[in-house]
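Shared between the two complexes below is chain A, which has chain B as its partner in the first and chain C in the second.
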Partner chain A sequence: MTSALTIYLVIHVLAGLAGTAGFYGAWFNLLRGAKNFRALRAESMTGLIMILVSWVTGAVYYVTYYGATVKPLIKAGPYPWAHAFLMEWKEHVFLFLPFLAAVVTIAIWRVSPGDQLPDGTRRWLGWLCGLIVFLGAAMALAGTGISGAVR
Partner chain B sequence: MSWSVILSILHIVGTVLGVGGATMAELLFRQARRDQVIDPSEAPMLRISYAVMRFGMALLVVSGFGFFLLARLSGHSEWLYEPRIWVKLILTGIILGNALLLQVRKIPLWLGAAVSIVSWYSALILGAWRGLEWSFWMIVTVYLLVVIMVAAIFRQSEEPRMKQP
Partner chain C sequence: MEQTEKKTSILVAPIMAATVAIMVVTLLTVIGELQPGWKDWLKGAFTHHWLGKGALALAAFLVSWVLLVPTNRLSDERRVETAWRWLFWTGVFATVALALLFMIEARRS
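Entry: the complex of A and B
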């Protein structure tokens, strides 16, 4: 693997964690009543930017290296399901997650800082943040499982 | 200094802050609740304990995934399939989920406190016990039994106060 791809992989993982952490913070904030609206905006925007960074770096790694080098190793190794199931699942969520993160962030940023988030909106945004955190954590676990299958 | 040493230092500091923060938060909270009221002088200490615990968790997660990357990049991927690593990952999720449930009061305090303390100490023990050869389910079973035991103790210790007029 080239140095550039190594850096992309490291950024992909760390940015993914930071993105999930951003939306975990936003979820926590929403559950507390979204009283700190500035923090909520910062958390959601940080989460979105980090998820996008993870998306781009992961895509470069996947397209230029994973398919040609890593995938055959996993398929020939003792855990071929790590590609057949985990990576296939991860690919689909990977396409969907940034859009979900963008929807939540745009919804939060459209509310003026002085205004109060209606309870119903706050509850639904909380559920969406929870979904992003759950999917982000599941993707981190799937990534660990895929990496462990490279023998 | 190698990446392995840097990550080890971060992981140890994260564990110390996380386990220490969880222990102090629990002790301070129990002390504060003796008179049923958390007064203004006690609140800042609790907030500091929770902040230390959160910082410890952030360090643990970052350094933990740093170790995963190092294993993958140095060709030691087999380490990622060790049962204690997966239990530690699940414990991280439990600690974060428990914090949210406590925040929205969807879990009784005695149970949330037991889950938090036992999870933090379990992660510490699993990290330190390198030669542990138990299966995933064996570790999970022992963890659940300890949670039940500690929860029962915490529940029992809350009851006399709950009956006070």
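Entry: the complex of A and C
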């Protein structure tokens, strides 16, 4: 693997974790009534940007390197399900995240700092942030399994 | 308060557009696994099937948003909550559906 691809992969992982952390912060901020609205805006926007960075860097690694080089190794090894299940699930569910993150962030940023989020919207934003965090964490675990299967 | 309600109403279009995008990804993925020729077409058109799914999902998101903007005039907080509910449960069911799909495919291969 070239050093450029290594950098892309590292950024993909770190940005993914940072994006998940951003929405984790937003999630608990919402659960506490979204009283710290400034922080909520920062958390959601950071989460969105990091998820998009993770998306792009992951795409470069996946499209240019994983399919031709890593996938055959996994499929020929003792854990072929690491690709057939973990990677396939991860790469497709990963496509949900930018849309979920974007809509949550748009909703939060559309509300003026002096106003309040309607209660129903606040509750659903909480659920959606929780879903984003769950998917981010699940993907991080899947990525760990996939990396392990290569060895 | 009125301005907040008005702004909240505007959100229905992107929420439903995101729901459509997730449905499109799920549908394209299921079709791709059941009909390999479809996956090949995506690869031919977009150089990689995954890029194709992403591009089509993004297109579906943007087109849906534009087409759904007129519905914002009919929106109130109740409709916004319905839109959120649809988005959340679509995300959950799509995640589970893909997990089941690839579990079955992994056992088959």
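The rule we apply is simple: the second predicted complex is superposed on the first by the 151 of 151 C-alpha atoms of A that agree within 3 Å, B and C clash if a C-alpha of one lies under 4 Å from a C-alpha of the other, contacts with A are read in each partner's own complex, and residues count from 1 in each chain.
Here is the rule we go by: a residue touches a chain if its C-beta (ideal position, glycine included) is under 8 Å from a C-beta of that chain, and two chains touch if they have at least 3 such contacts.
Every value quoted in this text rests on a predicted model; they were computed, and no experiment measured them.
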{"item": "Side-by-side fit of chain B and chain C on chain A, or clash", "value": "fit"}
{"item": "First, second, both or neither for A:53, with chain B first and chain C second", "value": "neither"}
{"item": "First (chain B), second (chain C), both or neither touched by A:85", "value": "second"}
{"item": "First (chain B), second (chain C), both or neither touched by A:5", "value": "neither"}
{"item": "First, second, both or neither for A:93, with chain B first and chain C second", "value": "second"}
{"item": "When both partners are placed on the shared chain, which of chain B and chain C touches more of chain A", "value": "C"}
{"item": "Touched partner set for A:21, first chain B, second chain C, both or neither", "value": "first"}
{"item": "First (chain B), second (chain C), both or neither touched by A:115", "value": "second"}
{"item": "First (chain B), second (chain C), both or neither touched by A:127", "value": "second"}
{"item": "CA minimum distance (chain B, chain C), superposed complexes, angstrom", "value": "18"}
{"item": "Footprint overlap on chain A, where chain B in one structure and chain C in the other make contact", "value": "none"}
{"item": "Interface residues, chain A side, partner chain B - complex", "value": "1, 6, 9-10, 13-14, 17, 21, 24, 27-28, 31-32, 79, 137, 140-141, 144-145, 147-151"}
{"item": "Chain A to chain C touching residues, read off their complex", "value": "59, 62-63, 67, 80-81, 84-85, 88-89, 91-93, 95-96, 99-100, 102-103, 106-107, 110-112, 115-116, 118, 120-121, 124-125, 127-128, 131, 135"}
{"item": "Residues of chain B touching chain A in the complex", "value": "58, 61-62, 65, 68-69, 71-73, 77-81, 89, 93, 96, 99-100, 103-104"}
{"item": "Sites on chain C touched by chain A in the complex", "value": "1, 3-5, 7-8, 10-11, 14-15, 17-18, 21-22, 25-26, 29, 47-48, 50-51, 53-54, 57, 61, 77-78, 80-81, 84-85, 87-88, 91-92, 94-95, 98-99, 102-103, 105-106, 109"}
